[in-house]
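In this document, chain identifiers A, B and C correspond to the written order of the chains, with residue numbering beginning at 1 in each.
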Amino acid sequence: MNQTGNLSAQLDEAGRLRHLLRLQGLSRTFITELLDRATAFQTEVGKPPARDNVLRGRTVANLFFEPSTRTRASFELAAKRLSADVLNLDVNMSSRTKGESLLDTIYTLQAMQVDVFVVRDASAGIPEYITENVIPQVSVLNAGEADVSHPTQGLLDLMTIREVKGTIDGLTVTIIGDIAHSRVARSLSEGLTIMGNNELRLVSPDGLSADPTLYPGAILTSDIDGAVEGADVVMALRIQRERIKEKANLMTGMDYHRDFGLTEARLRLAKPDAIVMHPGPMNRDVEIAGAVADGPQSVITQQVHNGVAVRMAVLAAVTESRQK
Amino acid sequence: MNQTGNLSAQLDEAGRLRHLLRLQGLSRTFITELLDRATAFQTEVGKPPARDNVLRGRTVANLFFEPSTRTRASFELAAKRLSADVLNLDVNMSSRTKGESLLDTIYTLQAMQVDVFVVRDASAGIPEYITENVIPQVSVLNAGEADVSHPTQGLLDLMTIREVKGTIDGLTVTIIGDIAHSRVARSLSEGLTIMGNNELRLVSPDGLSADPTLYPGAILTSDIDGAVEGADVVMALRIQRERIKEKANLMTGMDYHRDFGLTEARLRLAKPDAIVMHPGPMNRDVEIAGAVADGPQSVITQQVHNGVAVRMAVLAAVTESRQK
Amino acid sequence: MNQTGNLSAQLDEAGRLRHLLRLQGLSRTFITELLDRATAFQTEVGKPPARDNVLRGRTVANLFFEPSTRTRASFELAAKRLSADVLNLDVNMSSRTKGESLLDTIYTLQAMQVDVFVVRDASAGIPEYITENVIPQVSVLNAGEADVSHPTQGLLDLMTIREVKGTIDGLTVTIIGDIAHSRVARSLSEGLTIMGNNELRLVSPDGLSADPTLYPGAILTSDIDGAVEGADVVMALRIQRERIKEKANLMTGMDYHRDFGLTEARLRLAKPDAIVMHPGPMNRDVEIAGAVADGPQSVITQQVHNGVAVRMAVLAAVTESRQK
């Protein structure tokens, strides 16, 4: 399993989306069209959601090897609103037999004429490994892969930025938190690089800083105030309490909220029209103040809302690319 | 979270059902119309169930924080037979972070355009707390709340009584068992008070008797034979073996079936045309004799049957009230 | 619960399929028509699956008391592709209260107008016990019963053999592995006896050999090479590592793959056009060499593929038999 591998497999010979593994490798035009399509699937909260028959008769299998409520619900609703049949499979596999059982599971579901696999896994390389083993009529969508990639999250973040800012070019974007383990930061970073000339600032406590080779051109810092100053977009990442404990030697005496939390005071350092994002689920008053999460600059529920539309767009795109 | 709170939020300004938290506060006319609607959704067992498109394009999320097979299946089938998309979410949350995570979950699902939350929780006040935090286009249905309320169970019990007795007025209704912890008794009691001039007799072992302030006008007793005598309706409640054990000091030497079980001999004390009810699941030959549960006076499967129709009526009602 | 019991209950008075418990008792004509129907539901992998409205408005409950990913997914997709509403219920019951709770669950779901119960259970007799207690409008399908019966697996095996061999008559079929505990071997054996004059060879290590009274006419042996020689069909059964350990005294010093694995060398002893089958999930390089499982003679994914079509045929058949 090669986690950097040849991602050209994402597109078919006609340049259409066959699988979605990472944003890297997709063109600006391609992503723009995908976001346009997602926007067309968007209806106001409180109004009935958009529906379409494009997946009528198709089967989408949610294959989650890592638990998830939000992302799975988002994919499930996206698929159902496109009239697909949905199969939910929460699979627990011991790591010892995983590689072998995984393929067996894929071959089995493929033989049952599953059309799309939505895969979440805690190990790097699994979604790509699956793409290498499926038949040409099957698509694989990465729904979260270790600390490597979460492309539909990246797309929904881009969609939300574009919606509010009117552009994804020339922006200063600050991401705060456990960058070292964040597939959300990875995918958003890839997207921002493709979409325009954006400045990316990555803020983390020393023990949780990014591998700089994975973020070419980005500013890596532990100076949160400096990094928030003048930003157009500020995203706080979920911090896992276990991880702080684990890094206790690096963070002795640290009060995470005081030192790395997105507080109201800190947000005032950003541009007055800056927007606040979070991939969820949130620890209020840990990485983000409750007042900021619920405040007027927050677009956090808009991210969730856009997530369903983005997943509908991706499901529709891969389904069309498989039709001959 | 205020468990007695202002329940007027159940109805919108036009008097239509917005949320369903408790029966208390609903009018006799309102409940009658709801039961009429449920009756219209009823088809004979063995015939295809009623179907309707009233929830086409709508999304119902079953948010069960307490496990349940029967009630969840009943709501799931009701929603599907009205053509809704159904999302099943079994959520385990530690109590420490629950309040916070709960709202996060609700906001997330609401942003995904879920229309109706069906909520079951072991803590009092949760369904109402959710109603206070959702947007106007969302409805919340209480599917079982601690020992406080189970309104669709109350409605299906009323529907069953009306169906067999022809009225819900002037009846003597005896409920036997762990009244202290019974949301079923609470909701039926509220319903009987609204629907007519009924006599309610609550029978329990001393350690499990009701708080009299919660059952104004009811007769509280441990004299089971006296309470069954002349009754039109006799309902046995599930007794949890754990609870008997826990109250061992109060019930030393007690044989529950002998002392508080609904036996054939005891049932003969009721009116000859008395009906036997149980909310399920049953412990046969503990709180109810198998022969009574399966006997000619039992309407227990009819209760289950009516449950789907009642939930269809409630889902249809709240959906209409949200349409502008 | 009588596990041999009167299976005539499988057919209604008009000879149509009412329940499916075992293949034994069905006629050659009947099975042929069922396989023809399944074949009509078959579309090529990579093409959209067959769909039909024959279960529109019907409810199928998957009642799995034993975990299963593949069989449940297969039944779920079969039911959805016939337009049924599907209810998934994974039920854990302690053995002590099982008999009682089981009926309670069945009565409850029946009252909710479930039309078909798909039942998997680790105890013998449970599916038949359920058929004895349901109303005439309900059908029960056995989806795996202890070591006794797995009739839809038997049908999909027959379908696959017929598809590739053109007949199910005059064949030599060798099954290798833990025959003693295999419901797959039991059902295939019943099917082969009904369908023609076939020779069945059952190979197992001594501790895991079949009860000969259950396989009249079959050859029971531990001589794997002799049993594979000249075979038309070779099926390897999953061997559970726990079981090998448990029988350690009988199998001391045994290397399962060397002694009882279906290797490439062994397969060369069979007819040149022999096919290789496995009910899955496989332990590659334990009971079957990876190269054999993925080789040109393997029809293992075809078995899975046919499984959905067979289950659609069975669901359609029982639904028609219940229509008056």
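Simple rule for what comes next: a contact is a pair of C-beta atoms (placed from the backbone, for glycine too) under 8 Å apart; a residue touches a chain by one contact, two chains touch by 3 or more.
None of the values given here were measured: they were computed from a predicted structure.
Between subunit A and subunit C, the least number of touching-chain steps is 1.
Shared residue numbers account for under half of those found at the interface formed by subunit B and subunit C, and the copies are therefore classed as meeting with different residues.
With each centre defined as the average position of its C-alpha atoms, the distance from subunit B to subunit C rounds to 41 Å. Among all residues of subunit C, none touch two or more other chains. Residues 43, 45-49, 51, 69-70, 73-74, 76-77, 80-81, 280-282, 284, 301-302, 304-305, 307-308 of subunit C are the ones that touch subunit A when the two sit in their complex. Touching subunit B in their complex are the following residues of subunit C: 57-59, 61, 85, 87, 89, 91, 100-101, 104-105, 107-113, 135-137.
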